[in-house]
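Worksheet: the structure to be examined is printed underneath.
Order of writing sets the chain letters: A, B, C and D. Residues in each chain are counted from 1.
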Amino acid sequence: MAVSAAASDGNVETGSWLNIDTLPTLIFSLISLLIVLYAIWSVKSGRKFTIREIPGLKAVDEAVGRATEMGSSILYTPGWGGDIQRPTTIASMNILSSVATRTAEYDCRLIYPTHDPVIMAVAQEVVKESSIKAGHPERYRADDIFYISSSQFGYAAAVDGIISREKPASIFLLGTFEAESLILAETGNSIGSIQIAGTDSTIQLAFFIVACDYTLIGEELFAASGYLSGNESILSSVKAQDIIKILISLFIIVAMIWATIDPSSTWWVF
Amino acid sequence: MDIGILVAGILTLAVFSFLYKDNPVYKAAESWLIGLSVGYALVIFWQTTIIDLLLVPLFSEGRLILIIPFLLGLMMFSRFSKKTSWLSRIPIALMIGAGAGVAIPAMLYARTLKQMSASVMPIIENGSLNIEAPVVALGVISTLAYFYFSREHKGVMGSTARLGTYFLMIFFGATFGYTVMSRMSTFIGRVDFLLTDFLHLIK
Amino acid sequence: MRTKIPLVVCLAFGVIMFAQYFSNHTIARAVYNNILEWWQIIFAFTLFVGVAAFIKNNLKSISRGKKDTPYKIVSLIGLALMPLLAIIGGTRIGSPFLWSFENMLAPMQATVFSLLAFFVASASFRGFRARTVSATILLLTALIVLIGRIPLAEMISESLPKTTFWIQSYPSMAARRAILIGIGLGSMTTALRVILGIERTYLRGE
Amino acid sequence: MDRLRTRWIIFSGLAIVVIVSYLITIKFKTAPSPATLKAYKYLDTLPEKSVVIFSFDHEASSLPEIQPIALAMLRHAFKNDLKIVGLSLFAEGTAIGYDLLSKTAREYDRQYGSDYIFLGFKPQYISAILGMGESIKRVFPEDYLGNMTDTMPIMLGIDSYDNIEMVVSIADGDRTVQWVEYAGARYNQKVMAGLTAAMITSYDPYLSSEQLYAVVGGLRGAAEYENLLDKRGGGSRGMLAQSAAHLYILALVIVGNIIYFRNRRRGGGG
């Protein structure tokens, strides 16, 4: 296949190995990667990282407990928008793992409808593992984790049907959501379920905040997956992200003062 | 009346019947929709990907390297058998790995670096106070503080994070407002179709 | 071997795709374009797997003779119809395939989507309560935007639409920006863990 | 039962408000937002025969909202005798895009092949966007109607973003982000957008960092644009219904809160 390079430096035939325009990104990437690797390494060598309390997370136990008390079920949806490689889907799977451990302990039914066959397969495995970990492998029901349709509103309509028929006491909406978010959350709201939502889709967050009891906002979803699973590599990544956030804040403050003193300078523009 | 508009009008009304309650007409329309949409995707992907990107280049242009993704694609079907299903991990691993590799620099550039430098504005410009500059900087920094997980939100950190939640709520409120606007527009568009094209009540 | 091969594949393609971003070289561009094509091809196959699962599920519930059998049959007919039309009449302008898209699929999707207007209305009635300071800020901002973007606003006061734009362009944008930065960082660290093989969730599920 | 009844009342109220107000014709003056004005001015001052790409990056479901925006901008472009290259990065936008483009072209008596062309759909959008930076004809060897692209008169002087003044992405999701992040960042291509209202706030950071040139958002944006063009269309026609719907929601929120506070006072007193 013939692909010609877009060479900006005059080297039209082959282009340069290093695109100078991307240098700031490269430097920033390397700094970030080093910070993440350092955090992972320091956890490996025994350092403990803790995470602040995230309000929605306390509600997880409450949600499972309530469903058990009422002899009802729990519905868990990863949303329609994601596929298995999305970071949010991965975070959602990690949370599913701890929710499934608790449902297995309490013998509470867990329904997991999905729009993606690969997500279905992974979720089945996650729930199965959690049941084994909880000491109740017999409580794993493969049929409750199923594929519906890849069509957005087909999926939404079907999950809606399940919600109104099964009336789950608690609903988890964790993953990547698009317009179906409100259809699901509103229906859940109308039957009075406890709803815990979390997504990185910023538009849908507004609806979740209005219609759900607890909402994990954007990055909180990632942190929550570390908090619940106690997975140290996730915790260390969260720590690394925090360090980078401090650097970014300092950068903005310093550059802003600089810009005020010397308006002609533009070193902060990449 | 144009038969297409008639069909579209009837299907539109069938879907709207859901608002009264879940009913067989709606359910039939919904199943029809699901079936058609899956079939449509099948055709589009067959044409634009399997034919255009795989079969034509492989067989008429002789790009033999495409045998690799072809085989990897076929491995996805190993999922249907317990014994071989681990094979499907390989194509998935490729997609996940490549996706992750692309994401790191792209995310850092567009979502982080670029946004970071765009947040820098002079506080005093041409001798007058530029109120937006501190508002944006404070908004960004306090919201970042809300997303700071390593420490409990107490003291200075706590009040900064609290300020961050207020900025977040402003964003969610504005988004909610605009989304309401959007959904209403969509509905108005369907009303337009029903009143103008289907029922001819408006010229 | 069952985990090692996928981990190696993931690592290799992750590193290549990371590195190519910084290069303009012909070889780097060619490698990049090829991998993108592979990605696309494999993705199409996952869709076929999904369709196969869809057919399997539907046939299964039809054979069990459940109440919703007629609906499942409707779905399967719809699924078969589109490829059939495409084979018979092609997919270009004026083909039955495109006719079905424009007169059945598109209007139905648009209508299901417009149902959201009604859900928005009932959510506004039920969920939008000034319970706390945060909730009140959310509510007020939403109302300002709702009013500020209709022609009536200009009649009430010139400054109302201006306030809307100001809120949208500064405080709201700042929060969205911080969310973007946060998600960017979160995705970056997840991606890195995936490439390094620390995060293996996707390897589960056989 | 009570819950269901409230729902019906709310639903029928909305339907009545929108339908009745849509039947009434009132002309509004809609002052343009800064972003709409910027988009309009840009297209208005482009020299004749400049080439603009219109990319239909949306699904069929958002057509009702997207169509008036697309029509207004297309009319403007055809009126000013700009050349238009249409394409789609969403399968569902393809037929719709071609329809809109050819319908508007007929209004202004523009010829296919010399004044405008529709290239059709490419699924791998990132590689398509990047590829067009090197050669549009290689990414789209055939147009939507099956003509060889390089035989079309309009394509004579066009081969990459160097010959394109502006990309207008008509979108209901984050496809425009890809235009910004790949065509914009890598090839310095100017990009602006026609967006559903729901997406407006998501694009504010890109607009403010000037990665995105301008935005025409929602039915309201369409109405503003139509006003600037002095040509009435779907946007202006829908403005009264839109306003009525907003006021209806406003009323619902207020009534909802009154009920809430009244109940709380009663509940809290005991």
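In this section, a residue touches a chain if its C-beta (ideal position, glycine included) is under 8 Å from a C-beta of that chain, and two chains touch if they have at least 3 such contacts.
Only a predicted model underlies this, so the values are computations on that prediction, with no experimental measurement involved.
S.K.: Decide which interface, A-D or C-D, involves more C-beta pairs in contact, and give its chain pair.
M.R.: Between the two chain pairs, C-D has more contacting C-beta pairs.
S.K.: Please tell me the distance, in whole Å, between the geometric centres of subunit C and subunit D computed from their C-alpha atoms.
M.R.: Chain centres of subunit C and subunit D, defined by C-alpha means, are spaced 18 Å apart.
S.K.: Mind checking the centre-to-centre distance between subunit A and subunit D? Centres are C-alpha means, answer in whole Å.
M.R.: 30
S.K.: Per the centroid of Cα atoms for each chain, what is the distance between subunit A and subunit B, given in Å?
M.R.: 15
S.K.: Would you please write down the residue numbers of subunit B that are in contact with two or more other chains?
M.R.: Those would be 19, 30, 33-34, 37-38, 40-41, 45, 49, 53, 79, 85, 92, 95-96, 99-100, 104-106, 108-110, 112, 114-119, 137, 140-141, 144, 147, 168, 171-176, 178-181, 183-184, 186-187, 189-190, 193.
S.K.: Send over the residues of subunit C in touch with two or more other chains.
M.R.: Residues 18, 21-22, 33-34, 37, 39-40, 46-47, 49, 54, 101-102, 105-106, 109-110, 112-118, 120, 122, 124, 126, 128, 138-139, 142-143, 146, 149, 168-169, 172-173, 176-177, 179-183, 185, 187-188, 190-192, 194, 202, 206.
S.K.: Quick check on subunit A: which residues sit in contact with 2+ other chains?
M.R.: Those would be 1, 3-4, 6, 22, 25-26, 29, 32-33, 84-85, 117-118, 121, 149-150, 153, 157, 179, 190, 202-203, 206-207, 209-210, 217-219, 238, 241, 245, 248.
S.K.: Hey, how would you classify the chain contact layout here, line, ring, star, complete or other?
M.R.: Looks like everything touches everything, fully connected.
S.K.: Considering only the defined contacts, which subunit B positions touch subunit D in the complex?
M.R.: 19-20, 40-41, 44-45, 48-49, 53, 106, 109-110, 114-115, 117-118, 171, 174-175, 178-193, 195, 201-202
S.K.: Considering only the defined contacts, which subunit B positions touch subunit C in the complex?
M.R.: 4-5, 7-8, 11-12, 15-16, 18-19, 27-43, 45-47, 49-50, 53-54, 65-66, 68-70, 72-74, 76-77, 79-80, 82, 85-86, 89-108, 110-112, 115-116, 118-119, 132, 135-141, 143-144, 146-147, 164-181, 183-184, 186-187, 189-190, 193
S.K.: In their complex, what parts of subunit B are in touch with subunit A?
M.R.: 22, 30, 33-34, 37-38, 41, 63, 79, 85, 92, 95-96, 99-100, 104-105, 108-109, 112-114, 116-117, 119-125, 133, 137, 140-141, 144-145, 147-153, 168, 171-173, 175-176, 179
S.K.: Name, in rising order, each residue of subunit C that touches subunit A in their complex.
M.R.: Those residues of subunit C that touch subunit A are 18, 21-30, 33-34, 46-47, 49-50, 53-54, 57, 109, 112-113, 115-116, 119-120, 122-124, 126-128, 138, 176, 179, 181-183, 185-194, 198-199, 201-202, 204-206.
S.K.: Mind listing the subunit A positions that touch subunit D in their complex?
M.R.: Touching subunit D: residues 3-4, 6, 153, 178-179, 190, 202-203 of subunit A.
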